[in-house]
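You will see two complexes here that share subunit A, one where it goes with subunit B and one where it goes with subunit C.
Now for the complex of A and B:
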């Protein structure tokens, strides 16, 4: 009789624990999703830039080509961000009253570089040169995505080794380790 | 095939995305049910033939069922993806057409198995459907990786290009367990046409399978979901993805609770939450497909925008062609040109001074007698002199460009100015016609 009572007591306790356990699971689940969202939002989202520069507007509306501003892309390893002078040359006159242009001209007047946030970063041990790739006829969009459709540029390619090697094989480019790792 | 397709617009592309979602919602839960029930049926084939028969009867019904939920949505998806991804190198339509052969073979084998109860047909059909499902999920996962689209040469994409397809396949298997469990409870205990009589020998056992599948699937699914969110490339994520994931966790929690409640009440002849569980299982599928579609939309946001821009350009080309014809028969007015010159050109040009662009007095003489060249240049400017910044496209219509050119030529004396009286005369003539 006592044993039966104890068993029934145990069962009642389990009955009470199960709903609590389930609700606990729900909260843990929602917390994990929120944590992953927070981690993505705070670190991995497309970066905020100091000036809301729109590539879309400059390529599609104004008709500029990539190398007109990134002038070193076809002649050096780095494509480089344009000198403030390149922007100021046009914007001393064009759209000079817009708030973002006022910000731009502030940098120009103070003779300070614009602290753009770099979007495409390679590992330190990778030697990459823009010049070679452009000479080989690789379109900028191949590695940077359709920048002409972006306002703020975001990274849409992994820039991982496997991806580089896929393309090198496809184009019969060297796949020797020393090509990219000096 | 592209030449037969219309230039898409934003609304049209959005409609395609909605239709893709709908077709997936038709196909994936059905595929999950077929896979789940055929695995169970084959496993019990020799051990408990009655139970095995009920399992296979759950989803592999008459041919029209598998044509409507199996084959047709896949063929529709092939066409929809072809249109939606028109400017990308990924041949999703070809992959789906090739896969549809596997699907048909798998479903035919299972239909034969349903009639004959021959283990070999069941095992072969299940295996073929496994291969089909894995590749189908793989093709869907590939849509999240635009960087892989340039190197696709094999008849089907290489399945292990990333861990994501494997995670998505694991998620699909768990969803299949959930929908199969919910379908067992719904169709065999609630659905009037299929309801089992209570004296069926395996009446309780079938029910327990439903509970077990529901509970196991809904408990494990969140783990796979977190793993997926952790592994996905950053560019494919958005607030929407996390919101949908939150809803998924909540829906899975309700499903787990329903399964636990039914297990606690396992002696009841009819499961209490059979209908709710089935609807929730469909909702979970819907949320999962929605989440995956959002991932794909985030990943190819720019290719979508480029398609849209192409559509806009095609529309503008039609308008400007129409204007071209109109401009041929129209008297071009230099006064209109002067107006445009003052509003637009003076930002960068003057006749005698260098501003951003060169002075007109320096550059215009080279166009003497070459009016058409100047018109073509203003319509589509290219960089000429390295000492100056490239001229942006002023975005003028054909008539406006011709008017500006007329004004510039008259002003620089390259073309004689028309006397005001003649203009009035011409205008009178045109009005009379």
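Now for the complex of A and C:
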């Protein structure tokens, strides 16, 4: 039987060329994925912000702590970003000539909230509460990474459910679905 | 090729295709505050501000829940004397009015071609003053006509009219209780509606007064009714010509011939033992009837009339109330007068009928006031009319028509309606949630109105408009501050202030004259009925009220008329057929529904089904005559489908309502049904959430349904989907007509079954039983096989067949604590898991467990009669545990072995 099949032309097409085409498609697919992943890693997880605020400078040089600006982290599900006034209070005078500060004061003078781009996004069905995690003694850096070393904030953890559940299991935190699925 | 090769190729191909997919999380913005919020305001944590609901004249106190500077839910103010924490369906829905897309957004001035052009407030004020000046120069009448106004606004309106020399007409309300007031004025010298101490009486007879539907203050009466039925000897006879929730709740409901109330009351006057004698000249005007005559004239059974006589005679604290359907007839005033006489005679006045605490509607006129105004308009004698909040003038359309031609007309309104249509200038009113003010529903209660959001559009509150027009150099807020001087500021935080009222002892006056009875109505009549969902038609624009079914008929969208089986037979009508109702003064075309609850050939039309109609007025009492005679019905040959959500009218053999005939013997609390499952019972950790619904207290008002809609972001699916039977309400009120005379209501939602049939059939494990006894639904995991809904014996699960658009502006009403479910996802009652989560979070802060009463789901929170109780069944001291073990407690369809977590209580028939 093998001899009979090896001879026909259709056989060559089906058995050899189509698989080659498909493997070629797979390779292209992998390239596309790799490209997208590279782009995502470099930009989406580290989006460009309207003002080039540097955490590094403010934490290392100025000596600010997380909770001084992100005031509601231990009181509310939302940690929030600081009100524009908090930035403006210092920067009325401090470094007032720098271009980014001018951008900041522009927003303040126009009474417009700064449209920061959200870096850490959770899915629509997720309920996450900062308050409970801070009160459980988890350090900000554990989930947000070494923010004090970052110029532009980027997401370092996957923030996927598996990652959350792993820690919950370790620390005996509730793993009931309704804890986080809203 | 060989099978193996085929699979190999397919595997590679699909792998290649799938690897190219990626999850897209579009750039979301994170907006900070400009200025940090005040101390005590934490973003993400709700805060509450007290105000007053202005959706109807009852003016219940509300507690507005604010999240991220937007009101997201209204709840009753727990301390407010009127509602004590409850809020009716219309009050719950009134939040949507704030974001309604049809709201008037800026002042409009009618140009020469008849269209409205937007103008600035300055231009509007100028136009108004010009119109007024013009009218004055011509020596014509200038009038101000508003809906019921109380509190400081009333003082400002008086000042406005006085200073600008405008006649302040009596206020226009459809339900103005003119008959009751005129009767009380004649008999006691008090032109007021008294307070009825329903909770203090042991025998109550109500004639026509739909206490639990729309009569004066239904939320308040519902609460008092729930208090009343706790007494074992509470008896309530309700006499009405058509079916209402009030009739369904009463101990005994009797259906009378429309307009025959005076005959019943005359019989009662003559045959009950009067404690306070009535003067002979007054009593002589009351006709004498024998039992046979009374039964024939009223259409009531002899046992019912006898029962009423006996009950009233034997009562220690009797109470008789007439109103509603009994007032709005040609015999309306006579009915009210006979009622007042009976109230006096049986010693109710100054005890259960209290004139020390009367309805604050002294400025409200009656229907007699519209006629003269309309006549003057027709004759061109009126040069300037200013309307304010008279949206429900639709039923006086002939009067409106004659006003079309007269002078300069200004309307202050929130949404466009028939009145704004005919006006030259329209001034948009801010929503009560955007305004400062106060309201005084009853004498002695001052309720604050506080804004919680900046006006969304270029609108002003009525107070601000009047003070601008007056030229007062201050805002209405300052005007209020002047009027509130001397009051301790804490009253604003509490939401209300009670003021001592003068103790008034009513006495029978000399020279009280009895009216003459109008000719008895025999047939060919149609009753215009008040609407539970829209009051007098004013709440028509709120779509959630149309989405929620009318509890008596389960009809949702559209207007309809109810015809009795007799009337249907006469014309061979089938449901949905469009019939033209022609009265001597008006006509309307409506589809019909057959109603077994109507006797004779009575037909009823809800007041909100009329938009271009004229009603006649009963002169002496000043009431609109809702009972229309000589109405002819004509078939039009057209037919439409009316969305009726109810599947069946009776419970049959299903264990939905218990068989109370067994309750005479000591059967124990309920049957012990075998647990039909192969699965082990669940272990519960700390909590097992459960609910108890008292069916004796439940009136079917559907406030819980509205609260659930707003709290849980339930989408509105619309008429087309309802026609397919695809309702979306997580909680529904099921009316069962096992007794065709009185329906029983069963609020039905997900029973959170311990042996849930839905949990075992989900192919992706999107629904499971959590450790606190809840049947959890994980939205993002659901793939939409709908097997769970298929298996649910209570049919409590709802499927999102479409992505019902949640777009602005109404999307702003969303509760941020829970998600909006996308297409293809199953949803259902969660026992307000977001509230449970919030309470557990707070309890964890204090290192303790949640206390009983800390978690109140939206439905339980708003129920006017307190029928729903929620709590932890594992805690033996909790309210639910105790109630679940009480007599009359049972679970729906227990015979199926689902082990629901919701217990129902039914003790009385």
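Heads up, the rule we're going with is that the second predicted complex is superposed on the first by the 138 of 182 C-alpha atoms of A that agree within 3 Å, B and C clash if a C-alpha of one lies under 4 Å from a C-alpha of the other, contacts with A are read in each partner's own complex, and residues count from 1 in each chain.
Keep in mind that, in the parts below, contacts are C-beta pairs under 8 Å (C-beta built on N, C-alpha and C of every residue); 3 or more make two chains touch, one makes a residue touch a chain.
This one's a predicted model, so the numbers in the text were calculated from it and none came from an experiment.
In the superposition on chain A, contact is made by A:167 with subunit B only, not with subunit C. In the superposition on chain A, contact is made by A:30 with both subunit B and subunit C. Applying the stated contact rule after C-alpha superposition, one finds that A:94 touches subunit B and leaves subunit C untouched.
Judged by the touch definition given at the top, the superposed model places A:146 against subunit B, while subunit C stays out of reach.
In the superposed model, A:132 lies in contact with subunit C only, and not with subunit B.
Residue contacts after overlaying the shared chain place A:123 against subunit C, while subunit B stays out of touching range. Of the two partner chains placed around the shared chain by superposition, subunit B and subunit C are both touched by A:22.
Under the contact criterion defined above, the residues of subunit A that touch both subunit B in one complex and subunit C in the other are 15, 18-19, 22, 25-26, 29-30, 32-33, 36, 40, 44, 86. Within the complex formed with subunit A, the subunit B residues making contact are 146-148, 150-151, 222, 226, 229-230, 233-235, 237, 239, 242, 245-246, 249-250, 252-253, 256-257, 260, 264, 299, 301-303, 305-306, 309, 347-348, 355-356, 380-381, 383, 389-390, 392-393, 395.
Residues of subunit C touching subunit A in their complex: 1, 5, 8-9, 12-13, 15-17, 19-20, 22, 25, 27-36, 42-45, 768, 770-772, 774, 776, 778-780, 817-820, 830, 833-834, 837, 841, 844-845.
Touching subunit B in their complex are the following residues of subunit A: 15, 18-19, 22, 25-26, 29-30, 32-34, 36-37, 40-41, 44-46, 60-65, 68, 86, 89-90, 92-94, 142, 145-150, 154-158, 163, 166-167, 170.
On the subunit A side of its complex with subunit C, the touching residues are 14-15, 18-19, 22-23, 25-26, 28-30, 32-33, 36, 40, 44, 47, 71-72, 75-78, 80-86, 108, 111-118, 121, 123-125, 127, 129, 131-132, 135, 176-179, 181-182.
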